[in-house]
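Below, chain A partners chain B and then partners chain C, in two separate complexes.
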Partner chain A sequence: MSTPVLATPAADVGHADKGGPTLGQRLTSFMPLIALVALLAALSIADPDFLTQRSLTAVVRTSAPLVVLAVGATLVVLCGGIDLSIAALTSLSTVFFALWLPDLGGLTTLAVIAATACIGAVQGLTHVLLRIPSFIVTLGGMSIFSAVALVISDAGPVRITDRAATEWLTLYVGGYVPMAFVVAVIVVAAIALVLRLTPIQSWITATGYSEPAARLAGTPVDLVKVAAFTVSGACAGLASVMLVSRNFSGSPTMADNLLLPAVAAIVVGGTAITGGHGSVWRSLVGALVITLLRVGLPIVGVPSAWEQILYGAIIVAAVALTLDRSKVLIIK
Partner chain B sequence: MSIDVQPEQTVSEPAPVPALEVRGLVKHYPGVKALDGVDLVVRQHEVLGLAGENGAGKSTLLKALVGLVRPDTGEIYVRGERVRMRSVVEAAENGIGMVFQEQSLVPNLTAAENIVLGSEGSAVRRGVYRWETMRKMAQEQLDKIGSDINPLARTDTLSFADRQMVEIAKLLRIEQRSQHPPVIILDEPTSVLESKEIETLFAQVRRLREFASVVFVSHRLDEVLDVCDRVSVLRGGQSVGELPTAGAVPAELHRMMIGSTGSDDHYHGGGVQAADRRESLLSVRGMSGATFRDVDLDVAPGEIVGIVGVHGSGREDVCRALFGAEPTTAGDVTLDGKKLDLSGTRAACAAGIGYVPAERKTEGMVGPMSVADNMVLTKQGARCTGPLVSPRKQATLVDRWIDRLSIRTPHRGTAIQRLSGGNQQKVVLARWLIAGDIKLLLLDHPTRGLDIGARSEVYRLMRELAGNGVATVLLADSLEEAIGMSDRIVVMSDGRVTKEIDCPSGAKPTPLDLVKEMV
Partner chain C sequence: MTLTSPAEHVDTVVARPQPRRGVSFRDAGPPIALVVIFLAFSVLSDDFRTFTNVQNIMDTAAVLAVVTCGITFVLMMGSIDLSAPGLMGASAIAVALLVANNRNGNDLGLLGVLVAVAIAAALGCLSGLALVLLKVPSFMTTLGVSAVGLGLATLMFNGVQPNITDKMLASWAVERFLGFSYLTWIAVACILVGWLVQRYSRLGRYAYAIGGAEEVLSLSGIRVKPYKVAVFTMAGAFYGLAGVMVTSQLSAGLVQAGRGFDFQAITAAVVGGTLLTGGRGGVLHSTVGVLLVTVVINGLVQIGVSPYWQGGVQGLIVVVAVAAAVLPQRRRNQVVK
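This part shows the complex of A and B:
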């Protein structure tokens, strides 16, 4: 038998990276956690009062909607797509929530999540059946959802009088941990568990890395993609309930400033924007990093206008670190 | 007619410096030696044919000539001077250009824009096109090759043959850069042309000889002999000889391509049983699609049916259509007496059909995923208990198949892209076998890019599966392989089945018998 165990890397310079992960690659994969710890350290140096239970509680409470949004969209990114509609869909569903609450009462939360899941599924089906890039489908969705939210809300906030339906999210587990964050972590854990225990993980990974190969292996590529968009939609619904529980109102623009942070959370977590590589846990860490930045920048005296500049820079830098350019021939 | 294989052809007149010369070119890819010491001489003002079977190294050689592949060792000389080319641009500066099989024109620009694209010169002033200058420049190029294409026509309104002319006209602009007669490489220029267009192309090629050297590559041997002055033959990455075309016949050329001995006997004597063909497992009646029409095909259990045909015969698409990966417009296909759903790959997998694509790296496997994940990708049920993945079940299953097919991998968790080609292919094959429900295997060039050792292992596995009653459709890498492995050979040409040849052990047809039917 003359087949060598491993392809000889010396034969071709381009294959030199196949001898296993280099130190740099290993570091890159732990980068999100390192960044999280470094940020915490830097912030507590800048403001010694920062590292208190109170402010940490505030950070995780603020992060909850972002975690949920980012984790849902991570599934779409893992499949090789992108969901740009999440923030607009969240805004729309805060309005849904406020409008439906008087009629549905305690069932409103479930109804909103079901509705956004359906909307996500429709976007997924549009992407798969009409073969339109997910970027375009969700860009269109973003615009449509924003407009619908404006129309049905009469372009203003809709106040919530009955706070009982969302009160549970404002509770604290053990007195310290905000319920919203616990719910977010449960969502992450549940998705991670389903992926780990079922074939879905390998279907998603195969679809994200190489859709033609996945298709020719009989992987239910279309089904997996529609499912990813559905979960992403449902997560937007859940995030909206979290926002409503804090703001006591629904508003057509409430979550609009969450799109960039959510995408930043995904890429900072180290999920490859080209698909295949990544995990929902990474996005949880990424969302915490982003939230820390958000909360911490004012502490160290950075004006809030600079926040957006920072997000933009972070996204580009994170993709530069995680993108394997050897596999992407044409950058569009 | 006697066969004169001359390693160095004697020339009567004193030979001027060759336009292009290649000495001892070697190129390794992981697990395969694509070029193994190739020598080639392209004289000035000649049309040189380059012939060789699939995998003989033709395309690697051509890519090396235009700077797309960097050879490991070996030298390239242009008019006697050693050159190193690292890109198509550098090749162009040396006066070498290639018309690719997949055309490289921008469809929504005019012919003139395409011709001057990348070498605009005086057609652009202060960043703005000067249309009249550009039209004249383009017209001049088109006149050179005697083409009457309107330079202001949009490229996508032209026929394929006309686009090819535009491409040649564009290529000839490299003359301006190198100040010498260029070397034009035509890679399979006739594969999608009508016979009338081929005549026109040949006339152009003969004109080109007046002011350029041409390297002409085609699978159609009669064409090569018709248009070329001389043919160089590659086999297994080596130059095996040259043949002056005057008076030569395709049979001679083909014998050089496949080697006169009919070597690699190891897969001939595999104990082919005359399969019982009264019952057929796969039955195809009148299947039509974009590139094939009215295909009838029967494969019995345990039978290996090879489909042979030249480039463009449609055999690859027939294979994909049977797997639901290529749409069909008509036809009745049954497997094991049940009507087959051709609408998608999942239905085909569920019916017990397996497909090994020719493009292993992009379609056959998911490179960054592990050996285990690649192996269980299709038959997920084999590693699951109920809906859940059982890591223990997966480990046992995958390790058993790694052992059974002697897949050489450090671990089942190793990324498949780190294995050699042969071991990758064995994982891809195992994917269809692990559940034990495979009825029909569609193998599209299953041994492409594998070395001899890995090849014979794949052959042995195919035999073993056939022995267990699996029906196989094989698109072989070479005619030899098709003849050696198949119990029956179906010849396809222009999308239709033109001939069926029995191919039992002991009474095998020769490659020449097949070539006669193919061309």
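This part shows the complex of A and C:
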């Protein structure tokens, strides 16, 4: 009785240690792009009008806030943590933007981004200094930000009368590409460039793959983590400006439903939730896939209630595919 | 058989007075805090120290207590569960459509309640299965399953709010026995069941052990996976019942019935002394935590703080409580994800 029982976990551990074959891994790493192309093809077959300049412009324009949110949070995930507060922080900063605009005018965008970066840094410091798991810090943060947003906005939308401050985001580059999407891509490129040209890339990867080893090797692990949370916060601020430019108001719950799509975008892009493996470009592709799904479901004739179910299934499936099983023997 | 009984024997016989005393001091913290906070608010506010308000507090705490009962077992294993909003939404809509209501001719009564609880338990089982079979971390599986539950609820909701006309279910929130509503007594029964499971059943014992040292447990020849799935299923059943209770309070099925309950329950459990790393805490600890959180929020409203701050106060409480719990081990745990 006891022998087979003992043998089962041992065999299990051995199997998990080997990891997947290289061919499978290579295929999985291209999966986001394959999914993007397949989705585009499927949608153009379902609706021939889909592959026009107008609807594609609309898709990338809708995707811009999601891209920015997902890219910021990707850095935290690469370090091995998670940021669950991004959506609530974005909602809060839409309220900030609407309230500060009359006083600060053109500087509001920068002020909001600076404020959210500070809030992100505070979360990072709380995580690092008090040694609280990141998902608890950000879950607590999520709750606190929603409360603050409700209180300062009196639980209602705050309208924006001066639209000049966000007008630049509604422009089109070359007449076709929405400015918001261009800004999002520039953010991705800038983060990717900074990571590549400085040692930060290897610091983040080291922290994500094996924190104790990174610490022993002299990597400034704590600093890297705080920086990741700061960038994640700043990205939430930028995403909120994009949302405001579209909705002409700030609201304490405006971005709350972006959390699940953002997490889905990160994991669909192929960034491992266990940290280390992944990139910001992957999250850009992931965000486009999620946006296409969101836009595409009604085209195919699926009721929007299925959207939630799909997100749930996608998150679990994508995490299962990209998880680095060699690292965590016990999954909590 | 022969392997397990000596282990249990050792567990009960070895009584170490030294650590026990430390634990009992730690356990006494939350109840003392509860009494102190209760007395403080009683001094500050006239409205707070009325029997009606105590009834209010108990009625408010009832749903949260049931949710926390379920989440406590998951936390004891060292896992996390964010699926309460989805599961509660699904069961709330399901029960509203199954008992006498304004949408269809169903009138299943108690059977409808059971079916709703079973639906939530099945969804809980799903997150457990995804955890042990796909090896996806529990906070991700439960986040996904919560979305699935909300989607199912939206599908069943179908644009028209189901209002319940069932006498039995409606009476739960209104009728009182010994001064407290039936919902409060249901919560008390749930806590009792939870405590019995935790104290006397193999499921509860193993949930502790999994949180304490899962490796040791599986090396000792215990199949951990079925117990993990069972714990998530049981947690799902508790959330399902909580969803039914919310439907009884509102006399209508709402998709958002469980909004925020995942976070509130984690807050309550942590405040009560359940460690997020697992292996410590329990249903009774969490009950004290539930009362503590409810009393703080009720008291703040009574002394004139805007109810919008509710979430913010909870956020602060949970961060402070977790920080206080990990402070003694700060030097030991260098790696925190």
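The definition used in the following text is that the second predicted complex is superposed on the first by the 311 of 332 C-alpha atoms of A that agree within 3 Å, B and C clash if a C-alpha of one lies under 4 Å from a C-alpha of the other, contacts with A are read in each partner's own complex, and residues count from 1 in each chain.
Here, a contact is a pair of C-beta atoms (placed from the backbone, for glycine too) under 8 Å apart; a residue touches a chain by one contact, two chains touch by 3 or more.
The shown structure was predicted, so the numbers you read here are calculated from the model rather than taken from an experiment.
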Between chain B and chain C, whom does A:Ala147 touch in the aligned arrangement: first, second, both, or neither? second
Please work out whether A:Pro199 is in contact with chain B alone, chain C alone, both, or neither, and reply first, second, both or neither. first
Looking at the overlay, does A:Ala313 come into contact with chain B only (first), chain C only (second), both, or neither? second
Is A:Thr126 in contact with chain B, with chain C, with both, or with neither (first, second, both, neither)? second
On the A-aligned overlay, A:Gly156 touches which partner chain: chain B = first, chain C = second, or both, or neither? neither
Touched partner set for A:Phe135, first chain B, second chain C, both or neither: second
Once the structures are superposed on A, label A:Gly276 by its partner contacts, choosing first (chain B), second (chain C), both or neither. first
Which partner reaches more residues of chain A (counting touched residues only), chain B or chain C: C
Partner chain in contact with A:Thr219 - chain B first, chain C second, else both or neither: first
May I ask you to decide whether A:Gly105 touches chain B, chain C, both, or neither, giving the answer as first, second, both or neither? neither
Chain A contact set shared between chain B and chain C covers 2, 5-6, 8-9, 212, 215
Residues on chain B engaged by chain A in the complex (per definition of touch): 28-31, 72, 323, 325, 345-346, 348-350, 355, 357, 362-369, 373, 376-378, 380, 383-384, 387-389, 406, 408-410, 417-423, 431, 451-454, 457
Spell out the part of chain A that touches chain C in their complex, as residue ranges. 2, 5-6, 8-9, 16, 80-82, 126-127, 130-137, 139-144, 146-148, 150-151, 155, 211-212, 215, 260, 263, 267, 273, 275, 303, 305-316, 319-320, 323, 325, 328-332
Along chain A, where are the residues that touch chain B in the complex? 1-9, 11-12, 15, 18, 196-199, 202, 205-206, 209-210, 212-220, 276-277
Within the complex, chain A is touched by chain C residues 3, 77-80, 86, 130-132, 134-141, 143-148, 150-152, 154-155, 157, 214-215, 218-219, 221-223, 260, 263, 266, 276, 278, 306, 308-316, 318-319, 322-323, 326-327, 330, 333-337
